[in-house]
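Note that the chains are named A, B, C and D in the order they appear, and that numbering of residues resets to 1 at the start of each chain.
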Amino acid sequence: MALEDNLPLVGEADDHFHDECGVFGIFGRSDAAAIVTLGLHALQHRGQEAAGIVSFDGTQFHVERHIGLIGDTFTKQSVLDRLNGSRAIGHTRYATTGGSGLRNVQPFFAELSDGGLAIAHNGNITNAMTVQRKLQKEGAIFSSTSDTETVLHLVATSKERDTNTRFIEALRQIEGAFSIVALTSKKMIGCRDPLGIRPLVLGDLDGAYILASETCALDIIGARFVRDLKPGEMVVVTEKGIESFFPFELKENPRFCIFEYVYFARPDSIVEGRNVYEVRKEIGAELAREMPVEADIVVPVPDSGTPAAIGYAQAAGLPFELGIIRNHYVGRTFIQPTDSIRHMGVKLKHNANRRCIEGKRVVLVDDSIVRGTTSQKIVQMVRDAGAAEVHMRIASPPTRSPCFYGVDTPEAAKLLASRMSIEEMAEFIRVDSLSFLTIDGLYRAVGEAARNAEQPQYCDACFTKDYPTRLTDHDSTDNVRTLSLLAAGGQ
Amino acid sequence: MALEDNLPLVGEADDHFHDECGVFGIFGRSDAAAIVTLGLHALQHRGQEAAGIVSFDGTQFHVERHIGLIGDTFTKQSVLDRLNGSRAIGHTRYATTGGSGLRNVQPFFAELSDGGLAIAHNGNITNAMTVQRKLQKEGAIFSSTSDTETVLHLVATSKERDTNTRFIEALRQIEGAFSIVALTSKKMIGCRDPLGIRPLVLGDLDGAYILASETCALDIIGARFVRDLKPGEMVVVTEKGIESFFPFELKENPRFCIFEYVYFARPDSIVEGRNVYEVRKEIGAELAREMPVEADIVVPVPDSGTPAAIGYAQAAGLPFELGIIRNHYVGRTFIQPTDSIRHMGVKLKHNANRRCIEGKRVVLVDDSIVRGTTSQKIVQMVRDAGAAEVHMRIASPPTRSPCFYGVDTPEAAKLLASRMSIEEMAEFIRVDSLSFLTIDGLYRAVGEAARNAEQPQYCDACFTKDYPTRLTDHDSTDNVRTLSLLAAGGQ
Amino acid sequence: MALEDNLPLVGEADDHFHDECGVFGIFGRSDAAAIVTLGLHALQHRGQEAAGIVSFDGTQFHVERHIGLIGDTFTKQSVLDRLNGSRAIGHTRYATTGGSGLRNVQPFFAELSDGGLAIAHNGNITNAMTVQRKLQKEGAIFSSTSDTETVLHLVATSKERDTNTRFIEALRQIEGAFSIVALTSKKMIGCRDPLGIRPLVLGDLDGAYILASETCALDIIGARFVRDLKPGEMVVVTEKGIESFFPFELKENPRFCIFEYVYFARPDSIVEGRNVYEVRKEIGAELAREMPVEADIVVPVPDSGTPAAIGYAQAAGLPFELGIIRNHYVGRTFIQPTDSIRHMGVKLKHNANRRCIEGKRVVLVDDSIVRGTTSQKIVQMVRDAGAAEVHMRIASPPTRSPCFYGVDTPEAAKLLASRMSIEEMAEFIRVDSLSFLTIDGLYRAVGEAARNAEQPQYCDACFTKDYPTRLTDHDSTDNVRTLSLLAAGGQ
Amino acid sequence: MALEDNLPLVGEADDHFHDECGVFGIFGRSDAAAIVTLGLHALQHRGQEAAGIVSFDGTQFHVERHIGLIGDTFTKQSVLDRLNGSRAIGHTRYATTGGSGLRNVQPFFAELSDGGLAIAHNGNITNAMTVQRKLQKEGAIFSSTSDTETVLHLVATSKERDTNTRFIEALRQIEGAFSIVALTSKKMIGCRDPLGIRPLVLGDLDGAYILASETCALDIIGARFVRDLKPGEMVVVTEKGIESFFPFELKENPRFCIFEYVYFARPDSIVEGRNVYEVRKEIGAELAREMPVEADIVVPVPDSGTPAAIGYAQAAGLPFELGIIRNHYVGRTFIQPTDSIRHMGVKLKHNANRRCIEGKRVVLVDDSIVRGTTSQKIVQMVRDAGAAEVHMRIASPPTRSPCFYGVDTPEAAKLLASRMSIEEMAEFIRVDSLSFLTIDGLYRAVGEAARNAEQPQYCDACFTKDYPTRLTDHDSTDNVRTLSLLAAGGQ
């Protein structure tokens, strides 16, 4: 309700790509829904709009979906009491334009002819609309605008009788990026798309298997990290244990999303074998080596630029300083009741720490630039606080293309880097110098010698336009807009 | 409502002294209530439980009080629309035990015989209960348990006719720490107690006077910082301008609360002429000089330990690392639905960054230790993550005595430092070494040569038991409990 | 909240005088608050806007006040659980213009120097504003706009030490109509004004004393009706039993509100010894005798006209028919979203039963006419349904003057009967004939031979302008408006 | 929310069969949703739990569904503002056990391959479960447990291309009782089952066609009653006008639900040509003729027994008296917080009017007896009030069998008349005499000479077990329980 009644954010909309979703499931633990709640809380950075949990108590499925933060909605005793059972899966979700509202909150649940099925996913099925149209022609009824419901229908319409086979048949019909967690009356199923674009890890809590988007969701409950699911792997957890399947022909190398390291994942997570914080510091160090500058202090744009700024400061031998203070109490919305306020450049989220900055040559470190509007304001704020020089260093290459794999990105035309050269961008945000990390620098930070142009080791399409999958829903016209009929991104 | 229905916090209660309140007022600006909302948002760190705003539109006063964060409650157009007028004052409040509920949310408002009066304060009136009893015997009816209402009654019962004189008469009857902002149909009044224990600053926004607890509330709206109010000063803002009064005999030196520098104030504020971030860094540097240790990395307990950790790392020449990651989505409450969860040591708020810590000798920097329970858990978490050694460095002296000046502190018996030696504390929280900053080190960090034992330059009673005022309400018995009848702390 | 967001009622605002309030108290029954909840539910017809209950558990007072119907707000287990104790009083309230909002919901409660005092009342203190101004000059702070709070202040400022004496001293300073129920840590006190204008009865439930506005509130819980409180009587219930006091000099005859029989009281109540239903039927019979008419059927305006219509039909020997059907699901507010709807004469509350009315000569019976707008619409509706003739018979004399005794009446100028002759009124509401009961007819219906003009046996000021008390708050100017500063009517 | 938090009703659960649902639609009126809101308000007696409206604005469908009364939920400007468009249909619903919750609130809406389709119905599809199982085997996903969704799926899976034909194909596959209102982007469709068991009328408001369950929903907005839809008729309203289709082979006579006259319909409605109030009065007169008794007064059990009691009193020449007063403020839930209260026989809804009843021989008239528990309590209440004799007269034959046509009835074993003789029932409810109307008496009251046993003129299965349709879902086992998997009754 607050979402609709409150006024839109003044000034500093958060200028980032927004991943997307977090998923979590546990099988065989008496207080399953409470564990899922904690897991989703640890994954809250992957989506703050809404969340859902489905549990199974041996007889019945229980579904709860709420708008808001996990800690505000799923911590009521009454909510948890309704989520009986020792098996549960959950999902936390970022709001994409148009697709909000409870009916799009995952997990989706339906009673199929052979029993209940709940399903949640992180990613985006790039042929969902095409498949949906086909299913609708056959009489299927869609109750949401989410691509996730498509998977539910594909499982439902499978003529196979065995659950695993039905699921495999469904998976083979979808394209794109997806890390899926599903629950039936007998099984918890997890799977990753053939390229492993989105993360999904397996954990263990005293013998109960866990599926989660990131390892930080295992840490919060003291669960053991077992391993990442492999690209294209489907695991099936039953009372007897865990089985592994590989439904897809794997022709290519994996293409894990490199932006998870740049911004999405939590710094304390271990993603595909690497600690995110260490990668970000290394990115900062690469940046210092690639783009050095004479300066007095290194200041992060908090919090996303902080690890890279630490890495930069250490590599450059410059002091790391909190020259910008972040107000963590900012909600998602804020007032702009009058024109006078709208025009006064209110600093809801960040404030320059004047005494720290005054008269200094400042290296400002941020993780990325999307539209550039926030960078512009922050630079102005730092200048107003008396900085002698402002040198912006960005911990990733310029983001030039939208993501179709479960990330909320503006259309290409709104991406600053797609319409300006670096020089123009520097002018636009009014810095003395602006540098981005090179694509090879980014690959070095994750331990590669360089990007392999023939067979890139990661999905880096937002930097390179090199999309690793077909984009069926908009192949013909290349019109991104048509996709908007279906909410993007497993969201 | 959420406050009552949600379950209590698991594990990591925030183990800090809790200041208290923030106040903000503006006189002569068409969108006054919206400005106050922004100001209170910037002061949110001084109190997150509830907030209130009273505006005056030239004819009528409008009162709104809400439980929750400013950004969630005062940003609705309907709320702001009801707060007409070009003059408004507001208050944000920390929840103290027992005293929550809307009727205790400030500002308080009453129609007196000569018109409306709204009043909000930060601090604690140490003879409020004594005064209240006297007033009750004369037939006064109290509708709250807040000490602030006492001031309202004192103004109301004054036989004087002039508002300023009535106010001065009331102020002379109260003792303790108080920074007051009040609004009548003609005036905005601000005042600080004779020792200036709590902060209050004067600002200016295009000719409209502002009163605020900290300068960060001026920054958010681009207002100009004019000056701190002087200890014992009362300023009266009318349409004609501003006048200054000194109602109290000032016998002693000022005694500004030194803990504002340690923890309460926001790092970007300028408090009594000093930048809080710089003081905290200097505290960290003093700590490194006083209590050096062989180590590999310096890790802050985020976010309160971060500036001191940066100062420590710079002074010690050690790398500053984010070895502990904080989850900023933690609400005020969280689940503990089952015993199994309660006993699993859930890490809702902090997680160790294992790869960063493993095998390292860690200097852990925090601002203070209150009960020690959180420190214990964090140290355990750091050890579990594989730290070779853990050396705790605290950016203030041991806190041994409760504060009676508007800060929520546990009774003395619950303060770890009041019942243990430093060695015992080290053992209790299981560190390889534990050191606190000395009191003289703290005074050096704020620019003094040392503490002047005869005439201390600050209020440091929480470290020294040297209370700068009478404590009338509990003089005879020295029983802190009796105070609880009246909610402590201007709250 | 619903009150503010919903749109105003279309068309048929309920055109009645609106009593006012219901009070209920019980002393010495373990589930006291639940009993009060039931009692207030039975008194819901006396006020639907809001209700409050204060209980005392031997140590503490508990206060709950809610906007809405008893059955929606006080039936939650959590609410009742908070209202511990074996003694409780409650109040249900009609919304008067301007004075709504939780802070005006009774009972009022304050901690006085000698302990807690809760107080609720039905009626209106006609010198409340005068007393309030005097108290404010002495420094009293009023937290509501209700006249009830005045009584609280008078008790609080009494210099007497004994509770009974303090109460008596307070009662002697107030004028008007009041049936008060109060609760202290030791006593439940009930009292009626010297003329007994408002009702108050004493009951007994297995040894626990009850005070209630009407006997129907005793019936719901199977309590025994003991007696009406006498005009001017104050009863004090303690653990030892009940004592009776008469604080006032009783110079005059009692003047019970005759309109309680006409409309306010519930038909099944026994009021001052008479059954309301029987009185209303007798009123109908008088009306048939006084104002006969050739007709086919007698149709009540439901539900308020029903008993009189039955009496009329029986006396006139005509069939009683439900020619108008009432929709009981009408809330307090309803839509008028568009002009087209506003102008279509929506019949939210009543519908003519066409087949029953068509071609018939209809005697339409209602209890009273206030503004006449509803009558106009209902007559039109009956005509549209094909009635051959419409003869309106009103079960009371014309209402010409406002009530100052706790009843919500429009100012005199808006009372149809104050600005039109009966002929003009007949034309205004477009009936073939219109007759009102005579004042003597009304007195006959309640068992008197006629009205005693020297010493009227009832308060009938709304018909006669013969106010039985001083109207201090508007004596000088005779300006009713000034009263509105203070919410009228113990409400 | 209130539904879940409030405590269950004390004592007097409403002991009636509960119809079911009301439907309403309008095509071609700018403020369509507001009109539907008014229409549903007039149909509120057909279902109070929840309601929904779907509108179409020429481009988009808008869906709103809310728990609660129309007047509380659909009267907010914000709700109506979201329901743009000149075409809208709505539904109001009674809560059946198990099937509550928003996902079961109608109208149901889905985007089919050829556009959106909204559908609402009153009745019950007696082969819904069988059809649903078949559809699920083919992969259909059901998002509710309502039989209405089945129709949606049948339309969706039709291979026909023309909407009318698709609809007809769907209708031919369902059995039972149904009055359906549907909306597509081009059409509003209405239809009744082949036997016309449930009512559906056609109206006209200044050229805009209306479909509604009862004529009282036309009256509220001043719409013109055109005619009843014929049994088995399907009407299609487009911009060009209205067309009529007859999809079913009509082998039998119509079988309109005779219980609509007894209890369900509103007295002011004209149902299948007869005014409900007149029928009920005639029922009362038949009862007086069939089952006369020496008595002093006739007292209705309000409000359901009132018209029959009037008819009885007129036919018997006895006075009609309001011997029982109903409290109209009873919500759906009420307290039973303590055992002592649960056992005190609280009279939340009815109170005996003692003075009216005392010493009298009372004829008590009610419309029906279901479980008998309420009758028992009411008789006891009348006896406690001093009645000399109590003679119960029931305005319908004994109800012996459950309804499978959209009415909430207890299983047969709980129907008092299915397990007791009339003498036993009289003893059970402790009356001096008990009589029911004969089935022929009931037929006479609706204008027939008698019931035609070969070809009954009405559906009277609840009295006779003579079900007019197949009951496919429970043919084999005759186990009513299995039906409960699917919420009964278009509800």
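Rule of thumb we're sticking to: a residue touches a chain if its C-beta (ideal position, glycine included) is under 8 Å from a C-beta of that chain, and two chains touch if they have at least 3 such contacts.
The model shown is predicted, which means the values in this text are computed figures rather than measured ones.
Asks: Return the chains shared as contacts by chain A and chain D, ordered by label.
Replies: Touching chain A and chain D alike: no chains returned.
Asks: Along touching chains only, what is the step distance from chain A to chain C?
Replies: Tracing touching chains, the least step count from chain A to chain C comes to 2.
Asks: Going by C-alpha centroids, which chain is farthest from chain D? Tell me that one.
Replies: In terms of C-alpha centroids, the chain at the greatest distance from chain D is B.
Asks: Quick check: how many Å separate the C-alpha centres of chain A and chain B?
Replies: Chain A and chain B have C-alpha centres separated by 36 Å.
Asks: For chain B and chain C, what's the span in angstrom between their mean Cα positions?
Replies: 50
Asks: Indicate the whole-number Å distance between the mean C-alpha point of chain B and the mean C-alpha point of chain D.
Replies: 61
Asks: Any chance you could list the residues of chain D touching two or more other chains?
Replies: 78
Asks: Applying the document's contact rule, which stretches of chain C touch chain B when the two form their complex?
Replies: Checking each residue of chain C against chain B gives 4, 78, 110-113, 133, 136-143, 149, 152-153, 156-158.
Asks: Which residues, counting only chain D, touch chain C once they are in their complex?
Replies: Residues 2, 5-7, 30-31, 34-35, 37-38, 41-42, 44-45, 48, 69-72, 74-78, 80, 216, 219-222, 266-268, 270, 275, 277-278, 303, 306-307, 310, 314, 319-322, 325, 327-331, 333-335, 337-338, 340-341, 344-348, 351-356.
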